[in-house]
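Below are two complexes that have chain A in common, paired first with chain B and then with chain C.
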Partner chain A sequence: MNRISSKQLAIAFIVSRLTTEMIMIPGELIRYGSERFVAILVAKLAVLILYLPLLFLTVKFKGDNFLTAAIRRNRIYGIILSLLFGIVLLSVTVNSVLNLQLYITDTLIGELLLISGTALIIAVALYGAYKGASSITRTAVFAVSVFAFLLLLIFVTMADKLDFSYLYPVFIEDGNYLFRAVISEISCNSEMLVFAVLCKNITDKPNRAVYYSLAVIFVILEIVNLLYNLIFGPYLNELEYPLYVISSLSDVVVFQRLDGIDAIVWLLCGIIKISLLFTSAGELYKTSLGKRKKGWFLAIYGVLTLILCMLIGSDRRYYDALQMIIHSAIPLVFAGVVIPLAVLFTGKKLPRKEKENEEN
Partner chain B sequence: MKDKIPDFSEKEVNNTLENIKLTNSLEENCVNIRAMINNSTDLIVKPAVIEGRKIVFITCEGMIDKMKLADLVYRPLTENPPRDCHTAKELFDKIASTMLIAEEQRQLYSCDEVLQAAMSGFAVMLCDEVNYAIAIGIQGFSHRSIDEPSTHINLRASREGFIEVIRINIAMVRRRMKSPTLKTELMKVGQRSNTDICICYLTDRADSKAVMQVKDRLKNIPLNTILSSEFLQSFLEEGKPGLFPQVMTSERPDVFVSKLYEGRIGIIVDGTPFALILPTLFIENFHTMDDYTHKPYFSAFMRILRFTAFILAVILPGLYVALCNFNPEMLRSSLLLNIYSSVQTTAFPIFGECLIMYSLYEIMREAGLRLPKSVGHAVSIVGGLVIGEITVSAGLMSAPVVLIIAATGLCSFAVPDLYESLMIMRLVFILAGGIFGLFGITVAGTLFLFRLCSKNAYGVPYMAPFAPFTLKSIIRDTFVRISWRRLSRTDVTLQQLSGRAKRKADKEG
Partner chain C sequence: MKKISIALMLSLVLSLSLSGCVRYVELSDRAIVQALGIDYIPDRNIYRISMQYFSQTSEGGQNQIDKTQPNVLKSVGEGDSILTAAKNASILSGKDLLLSENRLIIIGSKLCNEDLSRTLQFFISNYHSHPKTYVCAAENTAEELIDIRFKEGYVSSQRLINLIENASSEGHTVADYAYQIMSSLCNSTGSAYLPKLKISEQKTDGTVPKESGEGQKGGGEEQETEKTIVLDGGVVFSGKRKSGIIDSDAATGLQFLSNRMAEYSVTVNTEDYNRSTITLFSVRTAITPGFNEESELYFDISVTADGRFDERGGISETDTEKIISVKARAEQEVTALMEEAVMQIRDNCHSDIFGLEKALRHHYPEFIAENKKNITDILLSAPCIVKVKCNTFSLGLESY
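Moving on to the complex of A and B:
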C-alpha cells in the first residue's frame, strides 16, 4: 500500500482544485464576479457539511475506507457499491480529461488532435497512478510551489493594471446566479471522491487532509477571484480562462507574456488531478476484488477512459450533457455523500483481535 | 580476428579444485595449490629446511614487500632458528608464535585460502607434517601515491583523494573520523576476482536495517569480476535501473566521512579511487565540499546557480524549439525578429537544427574525452571553429541554435554528477518540444517528476526534504545552508528526512 500523510494529500487536493479553477470558464458558471466571493464561502461551508459522512466514516472505521467497511459486511454489497462509485469516478475522470484537452487546444496547441491530446494526458496520468499515491502527492508539492510562485509573479507584473473601482457591491443581481455559482462551486470538489477511497492510505489523522485543503483552497480562490475582479471587473463573464488571459498580459524580463509558462504549470496540475482519480480507481479495484497489483486494471481503465473521451469529446452535445450532469453536483453528492452515509450505518468494523493481528 | 569481449556476467566458476583441505603432506599441498592456479608463473614457491623440517613459503610476484619478507621472515629463521622442537607441529607453532611478528597473521586450512592470501599480498608458510598454513601480512605492491582528486575539485577543502588501495583509503577515513562508532567491515565480492570491499558506517547513526540490506545485496552480487565501484552501483540501487543515480560516488575522503556522519553507508572498493555512498538524495547533486567552507550566503548563491544551470541544461533547447514552433508570441518582438531573420537563411527547420547541433556537440564531447590530449585539442579547434563558425556562415545552422546548444553544454558541466541523466533528458525535451510544443514539454516534465518522486532509497525518499516536504530540513541545508553555528545546534540524520524517526520519537514521547 502506498502510505501518505494527511498534509501530502491536502497539497494534492489543493493542486486538484486549482486545476478546476484554472480551466474554468466563468461565463458558464456565474455572470458577475463580485458574487463569487460569497459563493466561494458558502460553497466551502456546504462542502464541509457534505464531507461529514466521510469524516464520520473515517472515525468510526478507523483506518478503513467506505469500501472496506462495506465488503466486511458483505462482498457482493461492497462490489455493487464500488461499481456505483466507480461509474461516478469514471465520469468525473472523463470530464476532467476532456476539460484539460479542450484547455490545451484553446491555449497551447490549437492543432492538437483529440486522440493524441487525450491519449498523452491519460498515459502520463496512468504512469503517475502506477507509481502510486505517494509519487503523485510528492509531485503535487512541486506543482503547488511553482503555482504559488507564478501567481505571485502575475500579481507583481499586473500591479499597475489593478482597478479597485471594479469592486462592485456583491448583491446587485438576482439570487439565482449566486445559487448557480454555489452549486457549480460544490460540483468542482471531485477531491471528495479521492478522499473517500484514499483515506485508508493516510498514516496520520485523515480528517486533517480535508480541513487543511478546504481552508487553503478557500483563501487561494478568494485571492484569485479578487485578482479577476480587479482586472476584468464586469467583463469577467465574457472571458474564457481568465487567469490565462491575465498571464498573457504579464510581462517579465525574458517573456513578453507568461501565458504559455503558466499553462505548463496548470497542465501539470491537471495531470496530477487525473492521476489522483486513476489512483482512486486502482485502489477501488484492489479493495473490491482483493487484488495486490493494479497494473493491468489501470491499463484497461485507461483505454476505457480514452474510448469514452473519444465518444463524448467528438460530439459537443455529449460533452455539454456530461458537463451539465457533473456541474449539477448530483454525481458528487451521490458518490461522496449518499454511498458513505449508507456504509456508515451498514458497514462492519474489523473485530479487535483481527485488528491487533493486522497491526502486528 | 575480433577481440573477445570479456563477459563479466559469466556465472560459471571452476569448482573442481576448490575447498581442498590442507593435508600433512607438504608435497601434496604444493601440488594442489599449483594445480589450482594452473602453474601460473607469478606464484612463487620457495622451499627451505629449518631444523631438519621441510617448509615452504608461498608468495605472489609483485604483491609483497621484499624487504619486509627478508626482515620479518627469512632473517629470524636463518639467524636464530627455533631449537628443541620434537615435532613438526611444535616447530611450526613456535615459529608462528615467537618468531614471526607481522601486523596481520592468520591460520589457513585450505588450498583456496592459501591462494587467496598469497594473491592478497601475504607470505604463506607451510610445513611438512602440519595440516595448516600461516599467512603473514607483508603486503607491498606498488601503487599511486595520495594525490588531489581528478573529479570534484574544490578550492578550500582537503587536497587528498582516495587511491586504488583499499587499506590506505580506510586509513584516510579513520584519520578523519576517530570515533569508536565508525565501523569498517571487509568483504569479498566477485566470484572470480574476489575483490576486497569495505563497508563503512557509524553504528550510532546509520540505519541498521539499511546496513543489513546493503550487506545482503553485496553478498548476492552474481558478478564474477568487479573492476570498479560502479560495477556494484546497479546492484545497490532500489527498483529498476533509472536515469538518476541513487548511489553517490566520491573520490574525496572528506565528503565520504561527512556523509557517514549523516547516517549513510559508504563502500570502498579495492582497485578504484571512487567510493560509493548510499542512500543519496537528488538535492545532493548540487552540493560541493566548498559550500561548507564558503560563507552561507555565497554557498546558497552557488547552489541556486547550479540548480538553474541544471534546469537550463535540461529544458532550454526543447523550450526554444517549442516556443519558436508553437508559441512565438511569448518571446519579445525584438528577440523573435532576430531569431526569425537568422532562421530564414538556414537549410533546416529549428527542430532539425537543434537535433543535429545537439548530436554534433555530444559527438565532439565524446571524441574529445576519449582521444589523447594532443589530439583532443584538434577536436576543440574543429568543434569551435568549423562547427561553431562555419556552419553559421555557410547558412547550415542558425546562430541562436549554436548559442543555445553551447550554453546548455556549459550549464551541464555545472552539475557533473547528473551529466548522464541530463543528456537523455535534454534529448527527450527536444523531441517533446518539437512534436507537441509546450504541451510535450509538460508531459515529459511530469513523467520525469513522477519518476523522481516515486523513488525511495533504503526508506528515504529521493526528493526529500522537498517531497515529502520538511521545512526544517529545507532551510537547514538544501539550496540554502545555515551558518555553522546554527548547524551545530541541530543534529539531523538522513533517516529523519523520511519522517519515520520523527514519528517514532513522537510515539515514544
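Moving on to the complex of A and C:
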C-alpha cells in the first residue's frame, strides 16, 4: 500500500485547490468587492462542517475509508456505493481535464487540438496515479514551493501597482452573488472525494490533512483575492484568468514577464490534481473488487476519461452543462457527505482481533 | 540508474516527437510588433490597423541592431473587427504577428468616438499581447503617426515610449497601461484619459517645434524641417467614448489630482524678486469626500508636497517674508492647475478620471448604494475644494 503522511496529503490538497483557483473557477464567479472575501470564509467553514461525516467515519472505523466499511457490511452494497461515488469522481476528473485543456488553449498554445491536449494531460496524470499517492505528494511539495516563490515574486514586483483605495468597508452588497460564490467555493473542494478514498493510506491522524489544508488554503485564497482587488478594482469582473494577467504584468530583472513560467507551474499543479483523482479511482477499484494491482484498470479508466472529454469537449453546451452541475456542489455533497454519512450508520467495524492481526 | 536512463530517453523522445504535434513559427517568420495604430473608418464601417514591426534584415546584419536605422517595417490591414484587421495586416507582411513585445497602442481620433473598452478588450483578452502597453490617442489618424520613423534607440517606437515615459515622470501627462485604462473605464462614469500625440514640424538641427520657434516669425533663412511627434494634452473619455480634449496645463493638473506626480517645478514671477523656481517632490494627493451642513456632498482635494528652491532668484536664505511669499505663489499656481483640470475634465467633459467615485466608495460605500441611479450626476456636480500645502526645505532641514 502507498502510505503517506497527513502533511503530505495536506500539501497535495493545497496544490489541488490552488489549481482550481487559478485555472478552473469560471471568471464570472471572481468579482471585485468584499463579497468574495466573505464567500471564501463562509465556504471554508461550510466545508469543514461537510467534512464532519468523513472525519467521524475515519475515527469510528479506525482509519478505514467508507468503502472498506461498506464492503465489510455487504460486498454488493459496497460495490453500488463505489459505483455511485465513481460516477461523481469521473465527472469531476473529466471537468478538471477539460478546464486544464481550456486554460492551455486560452493562454499557452492556442492551436492545441482537444485530443492532443487531453490525451497528454491524461497520460501524464495516469503515470502519476500509477506511481501512487506517495510520488504525487512528493511532486506536490515541489510544486507548492515553486508556486509560493512565484506568488511572493508577483507580490514584490507588483507592490507599486497595489491601489488600496479600491478597498471599501462593505461586506455584502449583492446577496445573490454571495450565495453563488459560496456554493461555487464549496464545489471547488473536490479534495474531499480524494480524502474519502485515500484516508486509509495516511500513516498518522487523517483529520490533520483536512485541518492543515483548509487553514492554509483559506489564507492563500484571501491573499490572492486581495491581490486581485488591489490591482484590478472593478475591472476584475471582466477577467477570465486574473492571476495570469497579474503574472504577465510582473517583471523581474531576468524575466520581462512571469506568465509563461507561472503557467507551466499551474499546469503541473493541474496534473497533480488530476493524478490525485485518478489515484482515488484506482484505490476505489482495488478496494471494491479486492484486487492488488490497478495498472490495467487505470489504463481503461484513462481511455474512458479521454472518450468523455472528447464527447463533452466537442460542444460548448455540454461543457457548460457539466460546469454548471459541478459548480452546483450537489455532486460533491452527494459523494463527499451523503455516501459517507450512509456508511457511518450502516458500515461495519473490523472485529478487534482481525484489526490487530492486520496491523501486525 | 537504469530507471533514470529510461526516463531520460523517454523525455528526449517525447520532447523531440511531441513538438511536431503543435504548429510552430520560426522567430524569423514572425512580425515582432513594436507599435500599433488603430483607426476606424466610419463610412466603410471598418477598422484599419497599421503596425510597426521589427525589421530583422536591417542594415548591420541579421543578428545585430544598427541604432542609426529605424529598424522597423510597416504593415497595414483592414477588417470588420480588430482581429480581422490584424490578421489582414499579418497577411500583407507575410509574417505571423507577435504582440507580446508591443509597447504602444495609438487610437485614431475617429475610433475615440467609439467604445474604448471594446477596442482595448482585444489586447487584454489576447493573452499573448502584453498588458503593460501604453495607450495614446492620435490627433488625426493613428497611421500617420506610425508612418513617422525615428532613428534613435533600438527601434523607432522606442523614441515614442521614451517620450511618454519622460512626459509622465516630468509631470506633463498621465501615461497608463492598457489594463489600467480598462480599470478606469469600469467606474460608473466610464471615464478614461489618453495622452494625445500629434505631428509637429521641427528644424532638423533642433528640438524646438517650428510653430513655437523662430521659424514662425519668418524673415530669417528657410531652414529644413522634418516631421516629429509631440505630446499635446490629452483626450478625455466619458461613457467609454471621447467626451473632450484637454490642454497641457489640465493634463499637468490631472497628474496632481490622480496622485501620480513625482516631481514638478514651479517658476514664480514676482515683480521685485525676479524668477524663483521651487521644485516640488514627495507629492501626495488625497481626495476626501464630506458632507456640508446642508448634507450636500463635496470633495476635499488636498495636496501636500516638499519643495526646494532650485533657483532662488536673488532671495537670501534668511529672507523669510520673501520665501513665504514665493512659496504661497507656487501653491496658488498648483491650485490653479488643479482647478483648471477639474473644470476641463469634470465640468466640461463630464468625466471622473481622478477617482472621485473610488474615494466616495472608500469612505461612504452606503451613500453609493443609496444613490446608485443618479451617482454619476452627483459625482459630476459635487464641489471640489482644492488645497495645496508645500513645505520648503533648505540644506535638508524643513524651513517654512
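One rule holds in what follows: the second predicted complex is superposed on the first by the 348 of 360 C-alpha atoms of A that agree within 3 Å, B and C clash if a C-alpha of one lies under 4 Å from a C-alpha of the other, contacts with A are read in each partner's own complex, and residues count from 1 in each chain.
By definition in this document, a residue touches a chain if its C-beta (ideal position, glycine included) is under 8 Å from a C-beta of that chain, and two chains touch if they have at least 3 such contacts.
None of the values given here were measured: they were computed from a predicted structure.
Annotation for the three-chain superposition on chain A: chain B and chain C clash. By the touch criterion defined above, A:F232 lies against chain C but remains apart from chain B after alignment on the C-alpha atoms of chain A.
Legend: residue contacts after superposition of the two complexes on their common chain; A:L120 is shown touching both chain B and chain C. When both complexes are overlaid on chain A, the residue A:V245 reaches chain C alone and has no touch with chain B.
Contacts of A:K131 after superposition: chain B is touched, whereas chain C is not reached. In the overlay built on the shared chain, the residue A:L112 is in contact with chain B and with chain C. Of the two partner chains placed by the overlay, only chain B lies in contact with A:K7; chain C stays clear of it. In the superposition on chain A, contact is made by A:R257 with both chain B and chain C. With both structures placed on the common chain, the touch criterion links A:F297 to neither chain B nor chain C. Contact with chain B, but none with chain C, is seen for A:V141 once the two complexes are overlaid on the shared chain.
More chain A residues lie in contact with B than with the other chain of the pair chain B and chain C.
Once both structures are laid onto chain A, the chain B stretch out of 37-45, 181-189 or 235-243 that overlaps chain C is 235-243.
On chain A, the surface touched by chain B in one complex and the surface touched by chain C in the other have residues 109, 112, 116, 120, 257, 259 in common. Chain C meets chain A in the complex at residues 18, 21-23, 100, 121, 124-125, 127-128, 130-132, 177, 179, 182-183, 185-187, 355, 358-359, 361-362, 365-366, 369.
Those residues of chain A whose C-beta lies close enough to touch chain C in the complex are 106-107, 109-113, 116, 120, 165-170, 173, 232-235, 237-241, 244-245, 248-249, 251, 257, 259.
The part of chain B that touches chain A in the complex is made up of residues 323, 326-327, 329-333, 436-439, 441-443, 445-447, 449-451, 453-454, 461, 463, 466-469, 499, 503. On the side of chain A, the complex with chain B involves touching residues 5, 7-8, 11, 104, 108-109, 112, 116-117, 120-121, 124, 127-128, 131-132, 134-139, 141-142, 203, 254-261, 263-264, 267-268, 271-272, 275.
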